[in-house]
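Per-chain residue numbering starts at 1, and chain names A, B, C and D are given in the order in which the chains are listed.
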Amino acid sequence: MATPVIPSEVEVLEYFSSLSNWGRWGEDDQLGTLNLVTAEKRAQAAALVRQGLTIGCARPLVSAAAADVVIPPLHFMMESGESHCLPHAHERGPRQMSADFIGMGFHGLTITHIDALCHIFWEGKMYNGRSADLVTISRGALTEGIEVLKDGVVTRGVLLDITKVRGVEWLEAGDGVFPEDLEAAEKAQGVRVEEGDALCLRLGWFKRREQAGAVSREIGRPGLHAASLPWLHERGVSVIAADASQDVNPSGYSQLDIPIHQVGIVAMGLWLIDAAQFDDLLPHCERLNRWTFMFVLAPLHFPGVTGSPITPLAVL
Amino acid sequence: MATPVIPSEVEVLEYFSSLSNWGRWGEDDQLGTLNLVTAEKRAQAAALVRQGLTIGCARPLVSAAAADVVIPPLHFMMESGESHCLPHAHERGPRQMSADFIGMGFHGLTITHIDALCHIFWEGKMYNGRSADLVTISRGALTEGIEVLKDGVVTRGVLLDITKVRGVEWLEAGDGVFPEDLEAAEKAQGVRVEEGDALCLRLGWFKRREQAGAVSREIGRPGLHAASLPWLHERGVSVIAADASQDVNPSGYSQLDIPIHQVGIVAMGLWLIDAAQFDDLLPHCERLNRWTFMFVLAPLHFPGVTGSPITPLAVL
Amino acid sequence: MATPVIPSEVEVLEYFSSLSNWGRWGEDDQLGTLNLVTAEKRAQAAALVRQGLTIGCARPLVSAAAADVVIPPLHFMMESGESHCLPHAHERGPRQMSADFIGMGFHGLTITHIDALCHIFWEGKMYNGRSADLVTISRGALTEGIEVLKDGVVTRGVLLDITKVRGVEWLEAGDGVFPEDLEAAEKAQGVRVEEGDALCLRLGWFKRREQAGAVSREIGRPGLHAASLPWLHERGVSVIAADASQDVNPSGYSQLDIPIHQVGIVAMGLWLIDAAQFDDLLPHCERLNRWTFMFVLAPLHFPGVTGSPITPLAVL
Amino acid sequence: MATPVIPSEVEVLEYFSSLSNWGRWGEDDQLGTLNLVTAEKRAQAAALVRQGLTIGCARPLVSAAAADVVIPPLHFMMESGESHCLPHAHERGPRQMSADFIGMGFHGLTITHIDALCHIFWEGKMYNGRSADLVTISRGALTEGIEVLKDGVVTRGVLLDITKVRGVEWLEAGDGVFPEDLEAAEKAQGVRVEEGDALCLRLGWFKRREQAGAVSREIGRPGLHAASLPWLHERGVSVIAADASQDVNPSGYSQLDIPIHQVGIVAMGLWLIDAAQFDDLLPHCERLNRWTFMFVLAPLHFPGVTGSPITPLAVL
């Protein structure tokens, strides 16, 4: 692999204009790079389904404190089955149910979620030049909220296993992924990321958490280096799902602490799925030696919210 | 349409044994009727995608009190865009984000959700004969929780528009749907519900809510009559999604107030999606004169929870 | 009772300056009218305790939707006693507990709560001239949060029963309370509101809810008319607790829809307790023919929060 | 100080009968040791107020993860002041408010709270012999819930500074407090705990957290040793507030891991306040050389809940 060239912060700041998609799909656009997923692309994605195998790419939600968790997801039972096994349960009548309440601040480092384009701003603006104050405290996002995906996303997914080309079990905090890594993985796996594709990046970060424990937020995480932004733009990636956050942290820059989010979401309108897991998918891809599949997203239809917890599906 | 025969409560109670799937797929089974969705069925469902059109079937989540709402979904902003538009916003540094907390008791009458098989019990037992006390207050469902669907569901969906065969804009509270209605719709639309299919029932109940206002829980809702249970079993339906709850209410029985849930979930292991909406899908089905499609579910991967809010997708 | 003179909106707007306490207790002050509760006042209040009778003035928190409720208080059990009565409960070991989670948006019309001075702004300013943007979304109130009452409040309380002087069971929505009402009650009861006192106003609004049902937010509620503001200032009231919200609604003004909150909190630094109930206290006051007592407030010590649910105590 | 005698587990188990208050105040009683707080006691407590000084004994609620925190308290702004400082804020009209949502699982190790008597069970029974299954998942506590304290508590408080008699800055995890410690503190301070008193125990545990960091739940905490139970019973203590949990942990016993809670709450009906702080109160007690005061509790009036977060007040 060639030695990556690391752009200066000034050069990365210039990406805000050179990689910008503002106006590209009209001034009313709220879909950003998902415009690259055409009806034809969807039909082609569905045609990839051969084995009839569906694999989830979400981490389990766990109601527990940990070094990389701020607010653990809440899970409260409102009715349990235990009540219906008490000695006098039959006296309560025949209706027997269980039910629960769930809650979460889903933009965490351990919850598989998709960011709406209104999640990140740069200098008071969000994607396509709208003012950040359209994301209000009292009524949520008045534009670019997750409801723009109420019909879901179906496109081709491509899994790139970065750990394989690096020859490691997992990348560590601070390990950046460069275009050279992406292309090395493409070459090794015999695939090529094309326009409208969902790029699935396996960095091994979830496996690390399972096997070696949670790493605190302060220490950081592996992810794409800002140097990958032009490559993502050129290839026309519509969505990136990574098993860490997208951004290597620390980023190596002073102003741009999360440049993949900052340039990607704000300038490019790029959709990001954080904290996915590909450990269930990987063995199937290896066994079948196929790295492309139908990729499906079905975010919650919650108008005004800045993203959604999701279970991305790879269907082979 | 022939006059429906209404079974007595004793006859419906006998369905618990005559329609039972306990043991049918092994004593360890937690998937119930989703066993009828084979790899081949999934591949066939994907092959239905022709127009490359994806349509969501979830109602919007709305944080507002209403006559049919117990706990409104919670949506709190943790960071808003407004902060970043204050006169001195630049002093806070370049990182600008918005984020939110969401929460819900999703088993409501207005939230599109899927019931896990542990959601309903009959006489202290859940599907496949397990004891209800395995759904605990302190650790949630120890079995049959929604995590059994962590890989999602892909199958053929069939939309039956019951309002059309009834010649009404919407069914009203207490209007039951009988096998005769289902078959009349099949005939009118030129489709047939087959093994493993997801049955999508449009009763117009969401449209009624939008146009004529919410109906209080006490008054009731339209839905399948218990008389439909043998038909659902015989056809091998894997999932039902209705734009009301599944069960007509009042049910007409004294013990069995929600027999589709009670017999369907507990005895048959049938998967139910409550409070969907098909008003976005219907015009496409009508325009294209096609009533079958790939149907995709991707519930949250939240171990121990008794179901999940979802956005079902119909892909044409 | 003399016919009350109703000030014009221009006159009420002038109260922002004529009744202002900004700077009165120093530019660093965050206590407002609670500065009027001196150590001597506290000791005098304690000396009022004769019967050794303590009476709560909070409404019960009820987890139920209603016409005057936006988000019902949440109450979820995290562990219940039922689990410990199951046939095999002893196998879980001897520790047996119950526990719960509670949550609320406490600034509701039905939750007894105290407003911190940062709860209301006028033209971008809060009490004592601070900028409203010190109440931030991400870190809460950086000043004038409820933690300024972390040591509680002990002062003299005076109960005025406005229903008695009006000769009604309860005031209705839109019924304003004027200085003439307050003085008529003082005269009838033989008391006088003095500097530092907590003024407890019984309007019968909680009784109405219990007996005749909840009134929707849109219809309004009874409360103090803006005309009472100069009287409150002159008398040096430190806290007002009413069994409705403080403000009559509709207020009769166009800009000032809640002038008791707007002028009272922002200009005067006046502490307001909304949605109290005095139906438990009233019969004791009548029986003992005493209308003054030690009044105690102990808000939650939650830094950055804009108020607190409370149980005000009257000790006789 | 004499060497404490440590009772065997069998001896502590016998306390369930020898120290029992079941039936002492009638079979309907739900107040337990608070029956010892008579009207006369309340009046005497109020008479202790001399300096007119009120001091809060609650820790601040902090929305942050830590080693001794399971679910951090939630604090979400529903409206902030920032919105009202935006350049175009005046266009939104004159009403300007901030508001928030708070939530908590208050039975944590870091939240100052009082346990209702239904919080702990022994062999399926709660205080006064009631069945544990009266604390239900769907409707909360049907008896002995915190609403029995809706009128608050006013009694004499006595602060015993155990760190002083031990000659340490703080007790460490596992350090038990024995009757000998309590009497040594009484002697050193010139006070005596009497019937109906609230016993305030300063162990320095909050100070330790502030100065040396949070100790994980697993390591333990200081607290009363089971050997103190007969002393508490004999003296007629009505409430204990400690700046740790009440129980030393580990307890030294196998079945009784929290004997102060288990014997105290279940057998004696003793009221416990966990996680208080007396660091604000202590210097005043030292300066004034007075260790008794009016002690006031005003729990939230939330029927069916198993306790309440509180701000206990000491009034000198």
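To be clear about the criterion, contacts are C-beta pairs under 8 Å (C-beta built on N, C-alpha and C of every residue); 3 or more make two chains touch, one makes a residue touch a chain.
The chain lineup, named per UniProt: A, B, C, D = Cyclase.
These numbers were taken from a predicted model, which means no experiment stands behind them.
Novice: Between B-D and A-D, which chain pair is linked by the larger number of C-beta contacts?
Specialist: Spelling it out, more C-beta pairs touch across A-D than across the other pair.
Novice: Averaging only over C-alpha atoms, locate the centres of chain A (Cyclase) and chain D (Cyclase) and give their separation in whole Å.
Specialist: 45
Novice: With centres defined as the mean C-alpha position, give me the chain C (Cyclase)-chain D (Cyclase) separation in Å.
Specialist: The answer is 27 Å.
Novice: Could you please state the distance in Å, as a whole number, between where the Cα atoms of chain B (Cyclase) are centred and where those of chain D (Cyclase) are centred?
Specialist: Whole-Å distance between the two chain centres: 46.
Novice: Return the residues of chain D (Cyclase) touching two or more other chains; collapse runs of consecutive numbers into ranges.
Specialist: Only 71, 74, 77-78, 80, 82-83, 85-86, 101, 133, 136-137 qualify.
Novice: How are the chains arranged in terms of who touches whom: line, ring, star, complete or other?
Specialist: Basically all the chains touch each other, so complete.
Novice: Under the definition above, what is the set of chain A (Cyclase) residues touching chain D (Cyclase) in their complex?
Specialist: Listed in rising order, the residues of chain A (Cyclase) that touch chain D (Cyclase) are 65, 69-72, 74, 77-80, 82-83, 86, 133, 136-138.
Novice: Which chain C (Cyclase) residues qualify as touching chain D (Cyclase) in the complex?
Specialist: 38-43, 46-47, 49-56, 58-62, 71, 73-75, 77-78, 80-82, 84-85, 89-90, 94-107, 112, 118-124, 126, 131-137, 140-141, 147, 150-154, 255-258, 262, 280, 294, 296-307, 309-313, 315
Novice: Name, in rising order, each residue of chain C (Cyclase) that touches chain A (Cyclase) in their complex.
Specialist: Touch list, chain C (Cyclase) to chain A (Cyclase): 74, 76-78, 80, 82-83, 85-87, 101, 137.
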